[in-house]
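Note that chain A is present in both complexes that follow, paired respectively with chain B and with chain C.
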Partner chain A sequence: MTKRRRSRQKRLADMAGQTNPAMDVWRNFARHPVSMAALVILILMIIAAVVSGFLFDYDTEVTALNPAELLQPPSAEHWFGTDKFGRDVFIRVMYGARYSLFFGIVTTAVSMVLGILIGATCAYFGGLYDIIVMRIMDSLVCIPSILLMLTLVAVLGKGMRGIIIALVVTSVPGFARIIRSIVLNVVHQEYVEAARASGTGNGTIILRHILPNCFGPILVDVLMSVSSCIMAAASLSFLGMGIQAPAPEWGSMLNEAMEHMRAYPYLGIFPGLAIVITTLCFNLLGDGLTDALDPKNR
Partner chain B sequence: MNNEILMQVTDLHTVLPLKGGNLVAPVDGVNLTIPRGKTVGLVGESGCGKSMTARSLMRLLDHPIRIQSGSILYYPGSEADLARLTQSQTGKKSLSRPAQAAQAPEIPEIPEGAVEITALTEKQMRSIRGHNITMIFQEPMTALNPSITVGKQVREAILLHEKVSKKEARERVLQSFRDVGIPEPERRYKSYPHQLSGGLRQRICIAMAMVLHPEFLIADEPTTALDVTVEAQILALMKQLQRSREMSILMITHNLGVVADICDEVNVMYAGQIVEYADKTELFRNARHPYTRGLMKAIPRVRSEIKGDLFTIEGTVPNFSDMPAGCRFCDRCPYADEQCRTREPQLRDIGGGHLVRCFREVET
Partner chain C sequence: MLKFAVKRILFIIPSIFIITFVTFLIMSFSAGSPGSVALGITATPEEIAEYNHAVGYDRPVLVRYADYMLNALQGDFGESYSSGVPVVDLLMPKFPTTLKLALFAVLFSALIGIPIGVLAAVKKGTIADTGTTVVSLVLASIPGFWLGLLLLLLFSYQLGLLPPFGIGTWKHYVMPVATLAIPSSAYVARMVRMTMLEALSSDYVRTARAKGAGPGRIVFVHVLRNAMLPVITQLGMSFAGLLGGAVIAEQIFGMPGFGTAILEAINKKETMIVLGATIFLSLLYMLIMLAMDLINALLNPKIRDNMG
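Let's turn to the complex of A and B:
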């Protein structure tokens, strides 16, 4: 079917009142080649992250020392070369996606839930509750996030748990503030009042009438946050406060690569590229979705 | 059960606290009687407290606005509703009354068959909203949730109040769509609000409000956003529904044409107070308050020759925080004298239940 005929069909379907909003969004999204490319790359990365767990053995292939093959340049056998302990950089970068994507997605999910809870209730109920909670959030935003994260990790310990809590604590206030302002736009709409006038309870109003109408802007913000969480986790590891040395976290790989920067730049280039590409893809995906979800483009 | 009166509002004060502890009262001592099965108009210009009065009746006030004092007695039409609302009210009385009493010491005894809206819990209020009393809004463009199909939105109103299966609820939604004259209800059920025209959306809003057969409908300028042909259709629909269901309507409007078309009785509101109340025919024949007269003169007429500008009432509604000491209309009133500026007039009966808040009504 040609593009023109398809859009004509869409218009006819629209006139007949039979469109599926999810399909509309997808159609709009598919029109952006860049965002589509970002989506494909991210899907491949997620597959790689999942598969690498089964494909490579952590103890023998990812972290084991191999003195026979120290610091080899990229070749057919070792696509990204080997590091100073003779470990294959390609395997380590691929395996590292597990950490970064995990941190990015899990911490964003947790902070999104908390942020929605805080932001939406503040905007909906208002009053003293709103003032107190938002001032607490404001004061958290005031502290430079890297400082706050380092402190939290130092207190909580350098494991997964410490990093996740540190990332969540630093990203929730931003979320809560943005979600509050998005919800404030919706809360005074007449359909919210109409829902109250037909006897709907507060919880149902927030879940059914307010949040679905904030979905677009929130989703975009969430994707941006995934990339900033990945960056933050990598920075922590780079500073030695995150995932510890033998584990192939991209940030700590960059740290290890520093001392060989001049002679063996590929040691830093590949993990660095991995970070850049991942965060860039999440941002591009967010941009594409902003356009696709804009009701004016439907 | 009271057969004649559905709601009796007495001396209602709804206040908005300002910074610095001052209070302003957008609704300042309003009395309203809503007879069963009749349409009552509430007329006035923007900002006079019409909508605030309506919202007070359903206790849909945004924080920090609150009802300071006054009584809203609601006489439920069915014994079951009365039992439901009074039973827990008396059970709750010992807990909630002292706090209430501190705010408004002079709450009189609640008469037989009535429910005091201002003393209900929020949960009881929710069970009344939509089920017994319901409201339709001015903007059909924004009164429907854009992310849910209209059918589901109306269905939700049913599922909220009654334990019925989704399939049965759907059937009732389709029936209510037919009742309000929506063509092809099956297909409209699956439409999103942005796919419908303004008139159709207002019909959906009415269907949503009517689907549970409430006995009292508050219509807050339901036709202001519609063009005149659609307005006429919607008003005709409301009249027809009211007659077939013996429902009471409180029609809030600034359009005297709408009043003439649909109302039985009219309350004219100015600056938070009722300034004139009369039967519709009486009001249009014999308006006595200078404000009502001004409103009537301001209606453009088809046959009158236009000489210069349309008639307007001089000035604007006084600010709520800076009310004149005497009559609230005195600054804009061509008949005002010394007495009007110093003493506040009270509503008084000038014969046949026609109430006017004016000292000089005879001369006008």
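Let's turn to the complex of A and C:
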């Protein structure tokens, strides 16, 4: 009875056009089991990453040598086996999520903010400023990204700071360009003209009227960027130019595993699987959102 | 068309200066100076400073950049700090290996990716479409270096079919090329599917259908030609990107290519080599993009009109 009444209320609300657009997108998104599964896995991963910081002691459990248990295959005690220093691979893979998720999310957030600043101001002000800044952005894209990252890390030093700056420098031009084109579409619409005519300042117009309308289209790019940043960071570490051993970064774990892969293949399997699952989930989330945000599907 | 071409070619000149300057500026913060690399760790700071002064390294960045560019325009990209061998002589012998890797990788990614993408688009909504979409998404999520390790594990260590490292025979190139081509072909397939679907739903297809053209004729004569334009550009970009990205395959399979040389130079703080290699690959990228743009303009008058 109550259920029927509630659905009737909802139908009335629908008829009156009182639907919440965010709820619509969510309902569309939740219909896809694959995207939902990706979301759940990512949430579990984030929880695992946070919890592993409290659960395991970095010095004694994550990086300490344990000569008594060298190179053991996966077992009930060591789910993913142990590496050449006797360290538990499961603990290290779980702890490694902290690095990858951090790189993916933080560098994307920073690049997005910088990209918005650059792209929105270019589109809004136009003129010489736009031409010069966008030429610089376009030129940066011409430097092969892996090379640009390697040279930046070489100069800034291997480690956290180097990786983050390298990833940001290579991701910003893409964001700047996308945001510029979106803002260019929005900037000439009537509500912006109206705001300008009524004397609203440039900053307020960009923040209050333009950016909220860019959110949907760039959300997908943001998720794709998270997964490509995770991959790029792991590649740098794999090449020995990123996070250094003994830290359990997935890429550097694979680098370490290379020499023992022939006899102990499991060493090379689990960290790689972790990378694939993480990047795949972000990509699936992006695909699901693309569908959910598509007005045709509402 | 000529006007467009000239305009587009003039367009890259400022880019050349921006790229070289940005790279030069980044490398000028490098911890390795000519003195510190050439004289080794036993040298005192005074000796290093003296050496740097003698080779003109203590001049302002802008002056050194102008100097570098004047020499570079004449084909002189400086010398290795430690051995004094010209950068061009050091790097060029390594290039053919990397070029082969990138060329074959892009060739195979087109040969695999385009048919799969076309099939997925034509059979939209069927199991074939869903299957290829899922597989290509998974493949696109695999980092190249892990794919390389898995291939190594399977084909060299388990099956013993292919040599694990080195160059020489065609067998040495199978796994490195696959490492680069598989993720790239997944990307191409996704892109082809998207552009095909877009073209299939356009007005000229409806017209062709209304005029009685069969499905085969529509796909191969009308749609494919239009859908391939962005794909050609994408293949050009992948090729240019793979020239840099080959470093990963070179590292896993022990191939002495361009990327390995760059990585070595970075570790030895050989700034001139890193600089020369980066500038070379970036310019190559720009030239490839230029070629792609010109091809696109040749095939599509709309682009010409927009630019010209």
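Just so we're on the same page, the second predicted complex is superposed on the first by the 285 of 298 C-alpha atoms of A that agree within 3 Å, B and C clash if a C-alpha of one lies under 4 Å from a C-alpha of the other, contacts with A are read in each partner's own complex, and residues count from 1 in each chain.
The rule is short, and it goes like this: a residue touches a chain if its C-beta (ideal position, glycine included) is under 8 Å from a C-beta of that chain, and two chains touch if they have at least 3 such contacts.
This one's a predicted model, so the numbers in the text were calculated from it and none came from an experiment.
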**Item:** Room on chain A for both chain B and chain C (clash or fit)
**Value:** fit
**Asked** Thinking of the overlay built on chain A, is A:121 touched by chain B (first), by chain C (second), by both, or by neither?
**Response** neither
**Item:** Which of chain B and chain C A:147 touches, first, second, both or neither
**Value:** second
**Message:** By residue count, which of the two partners contacts chain A more extensively, chain B or chain C?
**Reply:** C
**Fill in**
Rounded to the nearest 10, the angle in degrees at the CA centre of chain A toward chain B and chain C equals 90
**Request:** Answer with first, second, both or neither: which of chain B and chain C does A:108 touch in the superposed model?
**Result:** neither
**Message:** In the overlaid three-chain picture, which partner chain does A:35 touch, first (chain B) or second (chain C), both, or neither?
**Reply:** neither
**Message:** Touch test for A:283: chain B only (first), chain C only (second), both, or neither?
**Reply:** second
**Request:** Mind working out whether A:252 is in touch with chain B, chain C, both or neither, as first, second, both or neither?
**Result:** neither
**Request:** Please state the minimum Cα-Cα separation between chain B and chain C in the superposed model, rounded to the nearest whole Å.
**Result:** 12
**Complete:** The intersection of the chain A residues contacting chain B with those contacting chain C is none
**Asked** For chain C, which residues are in contact with chain A within the complex?
**Response** 14-15, 18-19, 22-23, 26-27, 29-31, 137-138, 140-146, 149-150, 152-153, 157, 240-241, 243-245, 247-248, 251-252, 262-263, 266, 269, 274, 277-278, 281-282, 285-286, 289
**Interface residues, chain B side, partner chain A - complex** = 58, 60, 63-64, 126-131, 134-139, 142-148, 156-157, 160-161, 187-188, 190-192, 194-196, 205, 208-209
**Prompt:** Given the complex with chain C, which residues does chain A contribute to the contact?
**Reply:** 135-136, 138-140, 142-148, 150-152, 154-156, 227, 231, 234-235, 238-239, 241, 251, 254, 257-258, 261-262, 265, 268, 272, 275-276, 279-280, 283-284, 287
**Asked** What part of chain A is in contact with chain B in the complex they form?
**Response** 14, 16-19, 21, 125-127, 189-191, 193-201, 204, 208-209, 212-213, 215, 295
